[in-house]
């Protein structure tokens, strides 16, 4: 129930967002620095793979966002360092050239100390701006995007630093008391009737452009699992030759399994007869009752096929969660861990909603240009900042990505009997 | 009108398929050898890139299909050469290990002469089987798949040999009189109303598993272009900096443009101030009125964005074409070149239809396992064998693929004014 | 004794070379076509790795050499096809651009038949030129280079076609009666005294530029093995963990062993408890008494280290062979298989002799520009054309190359006791 | 004259090395930390290419060397952290597995602070050991190797940090007052007569195994330049199309030029019509009178060919410098910048001297296993620690390496006239 409450809070906060921009700004920025706290300057300097970024880069880039899209055009604002425009631009071609993504780990300066000074400089200017209390609608919108953007990077800071630390044979610990979510309920199936559903959002509150426009989508009846797949269930797949039998895998997935030598989820390592997993709390035994995490789309899909089921489409996922919301007041929400446990891979490739048009200007590069060869994930994870997630929220990663906090929720065609479904 | 008539024929042939399997088998097999006729043994030996296969391999693999899935289990059938099971298996894991795809061009033996002897051996056994006239339903289905499979490879033989010949600075000619389709009609827009459409097929005739099951799909109103984009129109995109301006491109597409140095469609080369294009009829000037071909999804999508339009989804394409069919008796079909001109990239990534389940056994590997990181193309091309294509037919290739006969048809949201759409 | 006789013949032929150019030309060209005889058009079309070339390319390139450097400047000579200058230029920058080496296998035309017609055209023009009997000294020199060049390619045709055929799981046979050399003599050590030796050649007969100038080189006393290492001896190295123990290997060699997964010489494959090897006579059991072949420099060096010995330098090799020559009349030449058994890796990286200057013009690109990251091999192999090899002859390949007919001859410091040398 | 005096000192220090191990240890270790002083924790964490290592790794690895080869076997010594054996072993297979070289930049912990604590721990134990004053001969030898080993890494710390800083578009400055060597003397040629020279060393003082044994080498007469090539001279080569004309380049060098897009020495960048170069003192204009540095063997060799000269062999270099030493007392040493200006590429590939045998045990992996595909450099650079260099000293790098402080000294055959040599 924890997660659904958070979600409700999030919606409440969203509704109030016009009233107290400054406290939202301050608390969001503060969370980034709380995430930073356990790390050394060296931890923050390393880029352990091309897909990840150094912590220090995340801290600077999120700051650059506010400076570039809000402060720079203000009379009297002094840019902290003009070279940062190039160094900390991620992918906005409209803003200018970008320092190559894969080389972010080659930049030792500005160091952590100066990066924090840069944050202070921008925070002060933002405080001045927000104190003036006369944001234009455009400014409000950019500010909301900036805050949500920083929240996205807060989760990436955690996924990326986990990867950095996992490269170290000393198994460093980020936070010893960091918890994983148990998953004690029995697996059961929630039936959803055929519907011409409304998908996406038309909220006046903040939502990303890729969640719009709200539109109709026809759904055949289906069933969806009440909780995520557990380590124990996934181990049964592994024991049954899951990683050795091509019949469960997409062709490209099977190639990846062989080329990368996958034998288990990411961060798992053999320990005697069992398995350990590297986490932000260090390396420790895999627990059967935890939700299986750090799996790729390929693994989620193969597991589902092995189990005689399939993954839900993103529309099935969204419609089921929204249907479930009215029942949250009851003591037994049926999709208890849909929000805030693990990102759940859906069967949907990431494409534009009908009628989608990217917003004009540089911010139009936010979502639309990535609509290719990615799959949609839904629901957020334990690392997603409170208040950031929504049922209509669309995350996306390539099918081979495993370093995110990603898990598996199963679905089935309605007419499929329990006896045909091993997981049933 | 030529193409729609062919399609109608195709449907008629399909309905009659039970009555005359042998003539269908014979004519399909014969077409492969007609395609072979202009080629030398060396032409047939070369694999010019990992995605393509040598002509000789296509000839052997399609033969292996009939031998493996129909003949091998027959009492008295003698396998031509047991090693062929390994050499000519494309990707059927259930049948056994496969010779690596990227190394098909390293195999000089069996040579062309022996490959044709292999075809004769299998053709004789198939003639005996079909003369017996008592195919089981399973055999009929496999035979239908085998014939459609060979037809698919007939188009691939042409796309692959064009690539082989294009690598040769001597500009060899495959067939001097090979034509491209002119596109003389003015561009106009066909309006389609909002609908809860039926998509896919439930035919008793042959259709691929990925076209099933027939299901409902909600469509907002939209407009679709009456014909494919022409070279002349595409040259305007190029002149306007199409390949230099990142704002038109998907992120991954823009990376591909830069890494591959794309400046024009595949097979185009500079000739003075103008452009030539390498075709099966040799290298010759690009003609404005021809449909632009050999473009990737990335290019199709970028062109559409430049034109203020978008690509149709596969459901929009299919519904429009099926709506248009009743009007074929009229002198002016509205989507005259939808079928049999060029494969048209759609905005839809290739995923399973709701309720899809791959067929059991080795043939279940036919379509489902490729549902990842590919986009759907519709409509067939001038190289698609007559009788092979249908409005529900789903082809698919990765977004960077350019060596197929692929073109562009535009669509627009219904409420978009003509003035907002440059192509209008 | 067979090999030394051939060598003597070769020297005699060389001396007579001015008198009968035409018969030398004709017999050299004829040998290329005898090598071609067992091959199909497809065999000749394939380039199985970037280092190798299709047979058909060798046939055309050697012809191009005569056309380019001898015929083209003659009044009245008609170039067969101007595009061949680009297609069949290997690496002569002074002649013009070259078709990329790694793409030679992508060119299906000109086919084998036309390639042979090209040879006929050039052969006729060469016959006319040589009939005139008034070659200038420059022409004579280029002709001698051209003939030696074709002889080099004759050996490459064999090494390259062996590689092509080895890629085929059907184990095709090039020539069923092709023999390997037995090595029945006991291993013994020939002592050579300290000397200020003359190395290289100043012959008036043909020799490559890299064999010149003749110069003094000081040699400490050393010992050199009377014969090449056998398969049986090499198997002892393998049994002793040769491929698993880094202490025997150069650092770069050990990396190669691990990256390539080397476990035995090239072309060896497991057969039950023993080994087979793929040869031009097909796949057959490894025989203990044969000289070990298809080893890289890395393997030769590691074997020598394991045996407590080392490889000879190229100067030690040359001086020993030349010292041995006067004793050839005796019934027991001491270095019986030095010439014409297998190319023997030396410890010498391939650099210029003191005072070396490359010849002017395009032919100056023949040898000098490859003096980097290659090791010298000496002695020729059973695939080297008769009359082509000399004691001063320097061949060279990168240390990882294994597809040549390369073997191992050991050497030792003079003061090293037999007891310290396992191979002794 | 500065450099030759240093060298003399160095020899004197070497002779006294038995008397004061502790002060040598202390001053050597102290220099590493002086090199560290201008760097931040982040600077020390980054590995900017696979060939380079993070500063922190150098600091730890050199410490590991003393711990592993001297301290570990002492009664009572407590290993600082057993995991460091794996983390900081560079390439000693005899000691155990190594953390992959290319991933040294992925390790954020132990951080700089703990690395320095590790140094203190080992320094204390070493102080205790050296205070006892009863080193065995083996211990003395290992200690001498350890000190020379750390000196080698001191130069690498500088070359590697220059590379790290050069990746940063902010052009960070390591030391603003860091100087480059001017080269004011006119180019002149020193003649050396034919000789049977003694090469290598048999000193009782420290020298690396690859400098031994001392042996005879025959040299034809030659000439060698009195100083290194200057930027001004090298710019003339560039202006004459040096990087565009294949005739000057080795085949592999020319491929590298094209693949890497080389247009100038490493670290040079265009600045208007001129050139800047990135140095440890930041980015600044290229000065004509400085010695050209950061060139590869390929560039040194191409420059020499363009100048109508060649590079000296390592034997020619060593013999000339040793001949020149007796004249050092005179006011005009003829090879004034041979020692301590820039490492000078020689024409010699790096192979073992006649009679060379690697020392037994793990330290035998020091030099011998790298004798492959590297060229010898002689003379040390301005970044080589005082007392480390000798005329017999052999450094080695692959021919494409440019990030070392490497320059060019020319040589010529004796009989080559000045008029044939542009550089003359």
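Letters are used for the chains, namely A, B, C and D, taken in the order the chains are written, and counting of residues starts over at 1 for each.
Rule of thumb we're sticking to: a residue touches a chain if its C-beta (ideal position, glycine included) is under 8 Å from a C-beta of that chain, and two chains touch if they have at least 3 such contacts.
Small disclaimer: the values here were computed from a predicted structure and weren't measured.
Among the remaining chains, none touches chain A as well as chain B.
When every chain is reduced to the mean of its CA atoms, the largest separation from chain B belongs to D.
Centres computed as Cα averages put chain B at a distance of 60 Å from chain D. Chain centres here are Cα means. That of chain B falls 48 Å from that of chain C. Among the residues of chain D, none is found touching two or more other chains.
If each chain is drawn as a node and touching chains are joined, the picture is one closed loop, every chain linked to exactly two others. The complete set of chain-chain contacts reads A-B, A-D, B-C, C-D. On the side of chain C, the complex with chain B involves touching residues 40-46, 48, 56, 83, 86-87, 99, 103, 105-112, 164-165, 167-170, 172. Against chain B, the residues of chain A that register as touching in their complex are 91, 93-94, 196, 215-220, 246-247, 249-254, 297-298, 313, 347-349, 351-352, 354-355, 357, 369-373, 399, 413.
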